[in-house]
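Working notes for the structure below.
Letters A, B, C and D name the chains as they come in the text, with residue numbers starting at 1 for each one.
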Amino acid sequence: ASADAGPPAPLGLGSEASPAEIDGWDIDVRPDGQGLPEGSGTVVEGERVYEVHCMRCHGIFGTDPGWDVLAGGRGTLATDEPVLTVGSFWPHATTLFDYTRRAMPFDNPQSLTVDELYAVTAYVLHLNDILPRDAELDAESLPEVEMPNADGFIPDPRPDVEPQAEPPAEPAPRVR
Amino acid sequence: ASADAGPPAPLGLGSEASPAEIDGWDIDVRPDGQGLPEGSGTVVEGERVYEVHCMRCHGIFGTDPGWDVLAGGRGTLATDEPVLTVGSFWPHATTLFDYTRRAMPFDNPQSLTVDELYAVTAYVLHLNDILPRDAELDAESLPEVEMPNADGFIPDPRPDVEPQAEPPAEPAPRVR
Amino acid sequence: AAAATAGWLAPGATLANTPPEVPDWMKRLGFPVGDRPYGRPSDHEGHVVRRVIEGLSPSNHSTASFTPLGDLHGTLTPNGLVFERHHGGVPDIPPAEHRLMVHGLVERPLTFTMEDLLRFPAVSRIHFLECAANTVTERAGPNRESVQFTHGMLSSCEWTGVPLRRVLEEAGVRSGAKWVLAEGADAAGMTRSLPLENALDDALVVYAQNGERLRPEQGYPLRLVVPGLEANLSIKWLRRLEVGDKPWMTREETSKYSDLMPDGRARQFSLLQEAKSVITHPSAGHVLEGKGFREIRGLAWSGAGRVKAVEVSTDGGRHWRQATLHEPVLPKALTRFSLPWEWRGETAWLQSRVWDETGYLQPTREQLVAVRGETSIYHYNAIQTWKVAPTGEVTNERE
Amino acid sequence: AAAATAGWLAPGATLANTPPEVPDWMKRLGFPVGDRPYGRPSDHEGHVVRRVIEGLSPSNHSTASFTPLGDLHGTLTPNGLVFERHHGGVPDIPPAEHRLMVHGLVERPLTFTMEDLLRFPAVSRIHFLECAANTVTERAGPNRESVQFTHGMLSSCEWTGVPLRRVLEEAGVRSGAKWVLAEGADAAGMTRSLPLENALDDALVVYAQNGERLRPEQGYPLRLVVPGLEANLSIKWLRRLEVGDKPWMTREETSKYSDLMPDGRARQFSLLQEAKSVITHPSAGHVLEGKGFREIRGLAWSGAGRVKAVEVSTDGGRHWRQATLHEPVLPKALTRFSLPWEWRGETAWLQSRVWDETGYLQPTREQLVAVRGETSIYHYNAIQTWKVAPTGEVTNERE
């Protein structure tokens, strides 16, 4: 695993994690769909989930300010007042499923069923004009959703500012 | 003041301490009598001070255990159960005045008058058979009191135990 | 200077306890030994607390509290004053029920109890943690009223635990592995993808902080500490590590913690906390009680390694003098700097700038904004200015 | 070893929150940010406190509380757990009314406010403080039930303040000066004579501890820290420094803190805390939960300078293995050492011994007692033994 002499012998600490144990805890989802559970949900079902579980904080159209804004903002990224939302900014639809599953509703996380998660994910994408009203999502279709800002991210180019002074000629004085 | 290049220029911090201010705070007493205030007290007066201010903690003869024992213990220092008291152990009588002035009575320190301090000092020395019943103490006589264990103290002779093993041949492994 | 402080008394103070008077507290017993089995600061230091900016967030379950840097000394942050940033509040986890699972691209998926983790060879290291959003308020110009709020999402502790590398090796990292997912056991299930390179470098799985077990709000009973990188990566209440070949693109590395540039594109995985410094004494909110000698003091740090040099200006950057660095100068740790100063009552503009061992120099605000604009949130590390008025009042202002 | 910890649960713990179950605390919000402006440890760590030995003294206004070394990690002591030894309780001093007077053999007698002292060039240093009477209970053989009570009058902090030398120089030390009297503002008026040589070496006038102002029981608002020497010299609530040509022979350097030898004579001004070490993990009171790999960890220190090497024995001193020292190894500071250990369930007798940079080796109890007898109270620094029974129970016993 490492570049040098190789890993040391295991110390024999810890206990084996069984597939069932891992399954209960492994809640993440990757852009390639790894981690997506079996199930499905439609935009229409999602509207109902959204109204019951999300609307009180994020507003009717997901555009209420205060709590995080979920929809709108397309075309604002290069302006003085960018509005970063799932539709305007997020590069992957899978992140919406992953984040909602682990963290939403804010005051009742990990409470939605898998089908509810697919549904509300579909609905928030619909609110962002990314999915049509008759769409349905599952483990296969979710990773294929094309996000408007999918190409909006670049690697870290820093350092990006040229030093405008030479360091002092003398080494720094030190005190203990 | 120091061995090397000499002290730096003052930074100009702090305020001058006036003689009166110093006088109010300078409560210590040295074996040569430096710091002893004007005043005096007798063993007989001291008995009364002791009864009112000290006896409830140190006992009728200064020998009650529990709180620090003030009297007795002569000849016990080299035994298995040494009893360290003003009489058996303390090298200087001035220490008794200094300590009583600053710290006794334990629950009401700095409450005795100068005369009371000389008196109770005389009385505790009397309890230790160091002063006769008709003795009186003042700034001149107190430093001259001869204490039984005056020669009982030696400078620190350490290290006093020979190392019985060589340090490891290899330098100690280090981790950060 | 003696004149300035002679007889100086804070509001409410009397002369009844100053020379030549014997102070009252020498004449009566104080509180007994053991009265406070676990101690707390003096009541006279009640103003030295973490503070939340009210209204910053609609819920204090997801907001920040700030370390009072202007009241601190040396380089360590007491555990009670370490800044907070939680996304779903602070969970109360019984340590006997906490588990760390390690799985994914490993030979042996494992679950560790706290007992297991305490048996690993332990290391202790002093490192700073800085929120990527620290100082964001100052990007568009002077804003907050004290260094607590401009720079207080910064702390420094001695962290004790197990090198993350050692924990991963116990499970056996398989070939093809490039990233590690770290997940917290809080209500936010806080999750980040960490490059395997950083995971195998100096990252730590930590159970103790400044000598004692982690505080609840710092991840009790277990957290990650990834030195030098944005603190959000140092996942608290750590419950799971998954080894994989690609990043997970979690909400915290896409929607958040990415840097939106003026052209509308966003920098991603910009994890490094670049070199930064700030003067803490004097700083905004302080009042100089008198002219004459005093010391200018501050903190400098770099996520890339050691601090190499710090310069201080008292005239808004026209002239610079090199500051003294206080040993030990440790990598990815706060370094205290100082400079003697004779203040004659003039208006002064205090600034500091740091070079780290890579040669990187802390930029001016103008330089940063020229490249990154004014709308991005994270990684603002520009030179800070404090104004000293002839009255002695220190404020967050620029020329 | 996996078998030993698989499914291990502390008393009272359930499996409802362990894999595959989603723990409860991920399903509800925790306590909000800023709920504790000044934080405190987890309620689950309520056993990690300073403790007094009841009955040791007739008044808890003059007694000691002990640092729980067996529950700590790394090398710093959290301020809330620093051991206490007061002789008249802890005074509550308003900092605006506190003064430090410097007089005697000086050019300019001066009084300093806290404001004045904060203006001096400041330094921060990590040093241990150890009561001269630490471990006295073990001189006549194993006695106390845990390392908290055998070695807990020991702590280590980052101290910030002004070199005592600089304060004395501000007043101007006159020729002929050889000693400095330091006096506290507590009900005991605690007072010691310090050799000028030590005063001008590395002694500090301290106002902050581990980043924040001193705790009340550590001398708030001002104390002395005299590195390497018996902690009683590090006068708390420091109010007065008098420079003189002779020692004052205070009660604390005659009646107390002198070492009575078997011949009835007493060593005086035996100020140095000689090199010492102790194993903290495992130590008496701990229970090894399973066989297999674990690490032996401890602390080593020397008042004479740096720790040079530590050796550990698991068979009562018959065989020794060199331990790893944890960086940074600072002078007159606690140094963490460790040694990997595979425990197979046998009875073990754990010991550690330290050499410091002067070549001094920590003695055995037999060596110390041969020279100093069993009745002296102070400066007991002999090798400590812990017994590990086949049940895993660790006790304070010797072979």
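We take it that a residue touches a chain if its C-beta (ideal position, glycine included) is under 8 Å from a C-beta of that chain, and two chains touch if they have at least 3 such contacts.
Computed from a predicted structure; not experimentally measured.
When you average the Cα atoms of each chain and compare centres, the chain farthest from chain D turns out to be A.
Centroids of chain B and chain C (each the mean of its C-alpha atoms) stand 48 Å apart. For the pair chain A and chain B, the distance between mean C-alpha positions equals 72 Å. Chain B and chain D have Cα centroids lying 26 Å from one another. Counting partner chains per residue, chain A shows two or more touched chains at residues 11, 13-17, 21-22, 25, 106-107, 109-110, 175-176. Shared interface positions of chain C, defined as residues touching 2 or more other chains, are 5, 19, 26-29, 59, 61-62, 88, 101, 111, 113, 116, 119-121, 123, 187, 189, 239, 292-293, 326, 328, 338. If the chains shown are joined wherever they touch, the resulting network has some other arrangement, not a path, ring, star or complete graph. Applying the touch criterion to all chain pairs gives A-C, A-D, B-C, B-D, C-D.
For chain D in complex with chain B, the touching residues are 58-59, 61-62, 87-88, 101-103, 108-113, 116-117, 119-120, 165-166, 168-175, 177, 181, 183, 187-189, 191, 200, 239-240, 242, 244, 246, 248-251, 254-255, 258, 260, 262-272, 274, 308-311, 320, 322-327, 329, 338, 353, 355, 359-361, 363-364, 367-368, 371-372, 374-375, 379. Residues 5, 8-10, 12-14, 17-19, 23, 25-45, 48-52, 59-65, 71-82, 84-86, 88-97, 99, 101, 111, 113, 115-116, 119-124, 158-160, 185-187, 189, 207-208, 210-217, 220-221, 237, 239, 289-290, 292-295, 297, 326, 328, 330, 336, 338, 340 of chain C touch chain D in their complex. Here chain C touches chain B in the complex through residues 1-2, 5-7, 19-22, 26-29, 121, 123, 125, 292-293, going by the rule given at the top. Across the interface of their complex, chain C is touched by residues 11-17, 20-25, 106-111, 175-176 of chain B.
On the chain A side of its complex with chain C, the touching residues are 1-2, 7-8, 10-11, 13-17, 21-22, 25-32, 34, 66-67, 77-78, 80-82, 84, 86, 89-92, 94-95, 98-99, 102-103, 106-107, 109-110, 152-165, 167-168, 170-176.
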